[in-house]
């Protein structure tokens, strides 16, 4: 078999060296009763590369590819053009097939990349420091809440109604077991966010306020007052960014005073991937660095005084601190962090701002056009590349009808908030640089047909 | 622009260092009259990666992809499955973006690969030595004829009727200018090759006999007698192999006495590529090495006595010998040679033999099935993975009709030999490991319909 | 030695190993290229991308337009390709050589898997697309799930966990949900000392107290001691099998029975499943939950630290509590995705959601490609060759390296050695760094904690005999030097891009992001 | 030093530069890995592929079944990936750093082009497919052809030549065909001494006698001397513009007029087109034929020696003789491929066919992707930046390196230096090898022949100012060492995978294929 270099002669020779007559002698510790002799039943036998490729291509061909149709979906996962060089570079064997850089002398490539990634993320989110990545935005969000609990020694978190409902679910799932108290309500279909309301609810038990920016409905609101209010009450402001490209156009949460900023980095370098692997961004103020979860890469020097990089502050981590660790995370999203970093390096400040400007412009064009569809109203006053429409019909059926017309026209709030009938007519529409004016036109026309 | 690192500030600073006021001062040597000021008219301006990708994808989508339909074409270009690791390895920047290894200390990767390639090719073709590649099989074939002229000091080459007609055209085109005499006739639609006839025509003016193995109609014949006859008359036997995979199943031309064996290496590692780039194989007996065209890699040692490799015997080549060189070739097919070599290394003797056996078996199944189509006859007694059918109709129209049914059913002799009406009903059919029994069935059924 | 801010010596110097060789002005050594940080070579005025001009529109950014600079340097495409290519060359990877990192299963990563994961039909689909448009994707998840269930002999599998530790969390939460469902509030999870750090960390993260399970002198769980500790407060045990000493827990079935009798559940850390896949099904040993690191056993690449994927197989007792989303096949063959929207009717008792979407699709694709390539027969061969290779290494080196449990019979997929027998002042790290010079990645050092100066060697099944022999020869020679007290080992590695790095300095004054040199100076001046 | 057959020292030894560092038993130096030949690590009993079992059939091989062993070693997939990955790491490429190889235009190779060339719609189509099934492929060739014609101001283009030298052959054959068509048998082609070796070789290969064109003291063609030589026996001249001294042939138009008046044709070697693309159209200077190296000006990768692509643009006088096949657009917009089959009616006077199929499709795709990315504006910028970079290097180094034609004013895309001024016994090669240690690929050495110890530096437009400054610094320091007679330069490179290699030995006793060691011994014993 092509991946197994040993042939029968090799195996015989090696068994002889070991002093075993048969391979099964090496498996004696497995109780006879449970030990399998032949291959497990009703599973196929090994297959040539060509056959495996045919089988997976057949599966792939059953999916409607985003790039082949007018595409307007977001709600936490955005489709951006990723330069070809990104995918080439992350496939270099020295990156792809390396392990966590525990041997820094022969892992400077990964380590320097992580140091650069941490700096890019910290600057983009407006924070002092960032870590070497988390699984995704939703788990990063929960980790931030637990971090706030450790820092404030308080257990009540106020979750903004604009926070991605899946992020809320993840947090609620965990809180059930950890005893954290989470306060949260579903959003209303109007232009105003719940920031004012949140400010009013902060009290001495509040560990943190968690707000998404731009929020699940695409709304953008100034976080400065919220940050001040939280900090005044000894609580932390946690900002969640699911579309980092937005920060090429609007002020960063850190700038507005957020203590911890977490995010989903998938927009840069990673692609849609049906939801994973993605890359969780995690940044905060310098003073909280020792409470951060996950790996951190730091600068140092080698025995000759040359600058080099190592994983550091590991006393926060599970492999050193075990049950006292700040988190149980070990494997993170290293290669996605590389993709994010390469894409960000290609863009640079100039490119990121151009990209953001282009996204916003296309979104404005789309919003204006879609508002003209009879019965459709736009709730947003402010937005970046995503906004929410209210339809005269249940949006779930509309998205399915659009899909039948080979148009992927947004994410229905009905799917995101099944338990909230009032939101059923809401449709979240994202528009990036990959959408053309013709795509917008086709979408608008099809929407009109479907609603007619 | 993304590929141009200089921005306006850089350019200003550099002009200052140079002491030029404007960039145009550096172009003073171009006559004012001919110097262009603005961009050339009616050509598009620069475009983002995404736009270029869209445009080329649109063009690509207008072609019928071999892998998506029942495919049976050969006649000098064969479709084989290429393992994914081959394409990964040839895209390593250190291979892809390297130049000809003129600085061996930092080109050992390319050089060792070439040394391995030369050895693989020599062994496969059954020769003592092989070079580092030619453009393709057809130019390698002409180079072999000129080499035979230099060696024998004779100018008449006998080309077998089984030699690929395009290879014949290339040779005839060159011969018109070099004064070489080429004797050639089109093949007949029967099982017997023209070897006996060729033997009879060899005389004291014959520089070489050029025979293809397997030939354009897929026929296989023993070359031993031909080799003896040619050598007895002081001429050389040049064998041409357009399907190297065949040599995993049948004896090599070198084994049968050929003096020079050239071939098309596209079958291994390279793919169809609409005809190029391909890789010319060139091998011969040791005694003729100094008359070979193209680059040769040889073993040596470095200043510390470590084994290393260099380009050698360059006194044959244009950059040293100029008009007295054995050929004018400079750039060859290095990266395709790498792909060929990687694929061959993955196969190894065992894999190559399995591949060849599978090809032959599928071809036999196809031949048996197609023969059952009313009105269709098979001319071959012997074949490897390609054979010739005689149809009751002009084969050109049949291949077009099959294509309309999304089946690529062979190459018509009418297209290969437009000037030979008698061959118009001939269809050359190739069957490799990529064809399934279902493909064969669909082909047979469609052929029957088209002929009905 | 004085340095400029790009890690280049300001005095010409190529380090003590340059010997007679002259210094270079660049700090490069032929193909060993130094590379500065993007912040040192790029700036905001350069970029490696082009965009069509944006249509003119009135901003709707709610007055929050960014005014200040972000500080993100850009590079032209070639500079970018060069930067990361040069960095990559300072890394070691499986593609370069044997990577015997115990407990990490660094096996070959077939490029076929990379190619198939990039098919637009898998890579370019949105997680929230209407299910009728992603039947192939759901079908792939379903097919992989079926394999994992059959290979482990369990009832169900939760596909969404993003890595091993996340899978552990999933399993522990399922256990806790099952207990709560019967109104049984237990507070303790038992974990062996030899366990990986994620085990105790996970139990704590899920709100449990962690207590040690004692080990016997042969490196396995002490069954009697364990039984003694079981009781109404014990929610479950976390056992790694094969364990981190590379040994199979013979008594696992007995342990499971005891735990079950005491009303608890058995979590098995399946990180080492590679040693037993196709040879035994954990379900047959009474396991209730086990995560499978697709990035180990099923070869999805480690990528310098991730991403991974940690599906969790579950017993009948825990299956009802599996997290959302869940892929389910209808009678008509179509696949549905059970999320909050439909959970009520189908999956009432699910304990909730662990991630935003459906887990690591990109890893599922690679893993299924790997699994189908091997088939049931090949996967069994994988376990046999992995174990064969490990025992070959163990027996070939036990004369120069102390092998604490060698007497306990054959090891499984990894060979465990200790630093006993090294000369005074020589330890595992010296051997590890010596191996780097020899062209190998070191083994896992100082883990498991139960062995002094542990060296955990896991060759995996994808190493050839020739590769093993070369590795054995190298390790033998380095081990001998450690026994002989060869001082040059203390300064190893000598040939790597960097010499030993000062980790204390890094931790004492953490520099986690780059700052303009002058800023640094200013700071220093304070 | 004694060696085993794998290039590894049998005595432990890491070469004179290892200095204090201890030897390694493997011969590896951390990430600098030695790699044996496939014949030494693989054998006929191992393979890296799987096949479905072949259906049983009766062989139809005509009794020629292969009996003897072929001698092809196989490796498992991982060993294969490792073998070639390790080999690649012993190479220098553009992706690693500046590659100033004069006359070779080593510019950035965008990965977009690699990606698009691999679209199945281009990569997986057969050259003989019915034309109705390859309209997109023909359309791409047609679109690229249109660009090349417009950029050069010519009438037609022959797309099939496989590289520059093949393109030269195409052009010379077209010239000869045109002459023969008017019954004019001329026998001589004039070529400047400074021309690339392929020029005279091509003329001879096409059956012409080659005579030198004298150069003037400023490195350009001597117009008067050329005129004097023209006559009824001269078929044409081959001129490189910009020439290989990096200078633009100011008098090209005058030369063309003179040659045309004398009944000859002008062939222009367009290998250096990168310097003038978008700045001047050769057609406006009277050129009749010019090849374009897509692998230079239009950035298709050099791949360690190829493949390339050398389309030839033709003037109205030569267009009728262009070789087959030819892509032609019908009035209805569909594209046809003119081959032997249809040549009679459409292309009577074509001189024939140069290759089996349609030329280098894979290179066409990459080149068009590159051209569309730059557009007409970007291509002009390419020429300007290429020339700017070359002049920047020229002026920054004139003080330490002799620049023979610096007085003739600005250079074009390459800066030419000589070894004048080096200490006794020091030559161009010492500087080249010194540059290797500095982390750069050397410039072109000893070419063109008209300059003693020539060093031809072509940075190309894809180098940043920072990269040029680092290169200039390194070359300056090495040049200074050559002037000062620093002996260590003679033994450079010191840090590369190999020290200087013995080329004389290689040529004296050529070993071109690997043979079993014992075979070698036997041979030696004879």
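First chain written, first letter: the chains are A, B, C and D, and each begins at residue 1.
Throughout what follows, a contact is a pair of C-beta atoms (placed from the backbone, for glycine too) under 8 Å apart; a residue touches a chain by one contact, two chains touch by 3 or more.
Predicted, not measured: the structure shown is a model, and the values here were computed from it.
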item	value
Co-neighbours of chain D and chain B - touch as defined	A, C
Which of B-C and A-C has more C-beta pairs touching across its chains	A-C
Whole-Å gap separating chain A and chain B, where each centre is the average of the chain's CA atoms	48
Distance between chain centroids, defined by C-alpha means - chain A, chain D (Å)	45
Euclidean distance of C-alpha centroids - chain A vs chain C, Å	19
Multi-chain contact residues (two or more partners), chain B	1-5, 46-49, 51, 83-85, 87-88, 91-93, 105-106, 346, 433
Sequence positions of chain D contacting 2 or more other chains	16, 30-31, 45-52, 75-79, 81, 85, 89-90, 92, 94-96, 108, 110-112, 114-115, 373, 436, 462-464, 467, 493, 496-497
Graph class of chain-chain contacts, one of line, ring, star, complete, other	complete
Complex interface listing, chain D residues touching chain C	14, 16-22, 24-26, 28-34, 41, 46, 50, 76-79, 81-82, 85-86, 89-90, 92, 94-97, 108, 110-111, 373, 436-439, 462-464, 466-467, 470, 473-474, 477, 481, 486, 488, 493-497
Partner chain B, residues of chain C touching it in the complex	30-31, 45-52, 75-79, 81, 85, 110-112, 114-115
Sites on chain A touched by chain D in the complex	1-5, 7, 9, 46-49, 51, 83-85, 87-88, 93, 105-106
In the complex, chain A residues that touch chain B	2, 48-50, 81, 83-84, 88, 91-93, 346, 433-434
